[in-house]
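Okay, so chain A shows up in both of these, paired with chain B first and chain C after.
Up next is the complex of A and B:
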């Protein structure tokens, strides 16, 4: 009952949130929600111990695929978004053959190279990828009404509700996967790979599974972004954007499900709202970098460690101990 | 700010702002500005990151422009005089952030006009422009298309003006007959490659190799330069490379012993290039963007107000920072101010109508609205453009040349190469 109440209050707060914000903050909120899905999907991949530098490019695969499905084939936008996510997942399966011949640092570099190859393909082939200019004029999500609310997807509030519902559903699926036997096996693949292998776990298959699921949700995030902004280009998915995703994950922490989400929210609010409002717009890269270094120095376990410290319950004394005192 | 971000309900100010902007977007009667109330102009360009050199100096120039205009009484509209105030938003050359910035400038700050660099960022802003009818300007007319009815390119018709530099070179140094070219493989580099190819073909200069397109992430230019020099060209063309590329390429050309002619769209911070190479090496370097202390800009044909004084003030405040865009956004503001005063109103549709009524007062002389052939819409202001060469360590305007004259003679070559590189408006993704 208590959990249900917390859930309902949380949901009500999320519904009310955009109405407390200015127009530009509502826009930032839309991108924040999409980035929450991106960074949470990234964490799923890190559960198996592999850190990729190609995750943002995979997000771009979902964005490009969904844009092309609507532009070239006339597929209905929500369906093309799902197909974009599936395309990203299938590409990840394909990439897993060369990439999972590597581990650790080599996988990191391999994933970067794979991502750059994909970006070069987008640049080289004007048909169908639009070359360096990318694809513009991507169909937006079609407006509709549910009686009590008219969804106008040019407006950030409408898109926030739409993207927010998809992201919440996606986070629930990711959460369920992590807590399932499959998720526990991901942990085993990371921390006890030899033991897991000895127990009959196919390490490569589980790494591929994590890579494909994470890529599918990253692709969905890309599709959500592409149909909102109306354009995709290779520069929107380059290594600089990937560095932001890594930063959110590292500053937030990856030990808990909420760590990267916390990192994404705190750093986005700081960078896009607080520093801009303080008139430090042009000094943001400097301040952002300094905060990142300081947080790594003084919060090596990420922002999630602060939450853990704040919510840790004090051990309750046993009755006999109480009597003795 | 964070408490505001987390507030459970809208504040009175947020409510009023929201209601006001919503009313505006619904096309309700607009409220006139009170006399003396500042007119806000949006500046939506990269102020940080790799492309900041084509945003930040422009904002610095605009602030000088605003101080001068405000000191002279501001802008005279039908309801009286108004000072000008700039509101900037750093879009980091990202389309999503550009959309957020456009939303903020229009719906929160109430700007009447927005200046952009354009390029990758324009497609993110276009839906906002379509919905609100806001007047935008770009420095990159390759953003123009028949759909961009509220977008104008009144300062720089990049890259079409590059033809003037090649034409001048062919006439003044006729012994130069062979060339090679390099460019970054992006939305700025490719249309410029097509333009230079057309210009070289029109001038009878042979290209010894296909243009060398390098990735924008390139940092080591030694192999690029080695390949450029391999065919022993007389001219090396640096296309529209960012200054982060022009500088190291010139250093490499110097170190690898190039003795020929260099031509480039820009040579921002050329004094630093001379320091890194030598005065002799940079002698005769041809590009397209003058210093505004040049006496040639004091001609009666020039429409930019007090270019020499503007340059002196800019250098006093931002020594060593003068670049290609330092004056461009300010020159757009000259045009916008003239159009608003002619219309008696700062409303975007009225200014647009007044701006396009007849010839335009471009910074380098009166010019025509043009572009149907290449951009599908006549929203680019095209006239004369200067050819600049470095002489004795200083940029000097050699001549003003007419872009429309060149296009009337060689427009078919331009279209051919633009099509080959997929840069015509109907070929964009």
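Up next is the complex of A and C:
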């Protein structure tokens, strides 16, 4: 029952949180929630050992697709968000054919190239992608009421609740996948693909599965963002954003489920609260780069390793353990 | 009845080098079959072709009459032919139990939707039971929570076999299973292999330890420089002039 009470307190804190913040901070909170989903979906892909540089573009695919479905086909926004996610996942399946001929570093570069091709297609074709300026005037999420609460989606607080609920549900699904035999197989593919294959694991299928699921949730994050901001354009999904995602994941650490989330939250708070207050926004890439280098040098296992150290029940330290640390 | 596992005219060329040259032999069901030969004879290459790791340049591998040459490794595995690797190839970062659970991938195929909804409890229980059974068989049950990479060498070899055994194979291909084991461990492992055989599992093994080979195998195929040299029971092979020559070098010259 202790876990349940912690969960309820956490949930209450999440519900109360926006009311303690200023309007602009509430807006940041919405993006933070969406980015948590983005970085967690990215971790699922890294479970199979592949690091992609196209993940943010895939997020953009979800955003574009959902925007176009509402605009061109008049589909109801929540449905089109799901369709946007499905589109991103299907595109990932298509991309897996050329991309999974490669592994490791080559996959990284290949995914970057694939992402750039998608972005160039958005830029090149005014119909239907709107060219360089992208799509604006995307339908917002229609207001609705659940009795006790009236959702007004021009209010960031409302959108925070809405996006937060979707993100929590998505995180739950991702968590279930990771802790399942499927998740174990992802780990197996990562650590020893030959042995996994000798155990009957279809490597291609599992790599593609991880890529498609990760892309689907990234697409959902993109759709959530697109309908909140109201515009999408190719430059909001460029490599700079991808570097932020990588930084969140690396600084947070990717060994645990919460590592990338932790990285995302800590760096966003640092970025939005500290840097903005100090007027250092322009230096953001520089400071992110410095943080990444410092964390690789001094905290190679990420922020999560600090949490693990803090939460581990203190055993009687053995001499050899001391020597190792 | 068709032969259980048959290798027919198997040839593997790496560029100009012919590693295996028109090799043919048969493995009977329920036997322990040894593949021996001096270093560089092409044993491991043959192994890699049977398990689907390499695609043969020419020739066929027939399992119950079906040609399995050129299939991918997981497709061969799904037909019941599971291999182990020469070195201690394990999921070093995972626990011993998790390693064995990966081995149960084929009998308990994970389903992602069932996993999310929690409808696969029975499969998960079954997989875990099978994994524990396999670990038990190889005497690893007391190490279940250990990281596989932290195990001793002998235990790692045993775990490699447990992973293969967990998948309910018909044929296990063992690549030098006794390497790095002391005589005591080797003896124990030989006992386990005889029990596998009693379970109806066919074993094909490549090994350098002649003591183990002679004591364990029902039939032995000897190859040299990629070619078939001799085949027979342990006694025949031990006294076969061509085999002795291959191992000790031209006996005639010595005499």
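Note that in this section the second predicted complex is superposed on the first by the 304 of 325 C-alpha atoms of A that agree within 3 Å, B and C clash if a C-alpha of one lies under 4 Å from a C-alpha of the other, contacts with A are read in each partner's own complex, and residues count from 1 in each chain.
Just so we're on the same page, a contact is a pair of C-beta atoms (placed from the backbone, for glycine too) under 8 Å apart; a residue touches a chain by one contact, two chains touch by 3 or more.
Quantities reported herein were computed from a predicted structural model and do not represent experimental measurements.
Novice: Quick one: chain B and chain C on chain A, clash or fit?
Specialist: Aligned through their shared chain, the two binders fit side by side on chain A.
Novice: By residue count, which of the two partners contacts chain A more extensively, chain B or chain C?
Specialist: B
Novice: Give one of first, second, both or neither to describe whether A:209 is in contact with chain B, with chain C, with both, or with none.
Specialist: second
Novice: For A:274, decide between first (touching chain B), second (touching chain C), both and neither.
Specialist: In the superposition, A:274 contacts chain B only.
Novice: Is A:196 touching the first partner chain B, the second partner chain C, both, or neither of them?
Specialist: Second partner only.
Novice: If you stack the two complexes on chain A, which partner ends up touching A:78: first (chain B), second (chain C), both, or neither?
Specialist: Neither partner.
Novice: Would you sort A:49 into first (chain B), second (chain C), both or neither based on which partner it touches?
Specialist: So A:49 meets neither chain B nor chain C here.
Novice: Let me test your reading of the model: by the given contact rule, A:188 touches which partner, first (chain B), second (chain C), both or neither?
Specialist: second
Novice: Taking the superposition as given, does A:16 touch the first partner, chain B, the second, chain C, both, or neither?
Specialist: Touch partner of A:16: chain B, not chain C.
Novice: With the C-alpha centre of chain A at the apex, what angle separates the C-alpha centres of chain B and chain C, reported to the nearest 10°?
Specialist: 140
Novice: Is A:180 contacted by the first partner chain B, the second partner chain C, both or neither?
Specialist: In the superposition, A:180 contacts chain C only.
Novice: Aligned on chain A, what is the least Cα gap between chain B and chain C? Give it in whole Å.
Specialist: Taking the overlay as described at the top, chain B lies 33 Å from chain C at its nearest C-alpha.
Novice: By the touch definition above, which chain A residues appear in both interfaces, chain B in one complex and chain C in the other?
Specialist: The answer is that chain A has no such residue.
Novice: Over in the complex, which chain A residues touch chain C? Could you list them?
Specialist: Chain A residues touching chain C: 173, 176-177, 180-182, 184-185, 187-188, 191-192, 194-203, 209, 213.
Novice: Show which residues of chain A lie in contact with chain B when the two form their complex.
Specialist: Residues 13, 16, 19-25, 27-28, 31, 120, 123, 126, 129-137, 140, 154, 156, 225, 229-231, 233, 235-236, 238-239, 269, 272-274, 276-278, 281-282, 284-285.
Novice: For chain B, which residues are in contact with chain A within the complex?
Specialist: Result: residues 1-2, 4-10, 14, 17-18, 21, 47-49, 56, 88-90, 93-96, 99-101, 103-104, 107-108, 120, 123-124, 126-127, 131, 185-187, 189-190, 215-217, 422, 427-429 of chain B touch chain A.
Novice: Note which residues of chain C are touching chain A in the complex, please.
Specialist: Listed in rising order, the residues are 51, 53, 72-74, 77-78, 82-85, 89-94, 98, 101-103, 105-106, 108, 110-112, 115-116, 118, 120, 123-124, 127, 163-164, 167.
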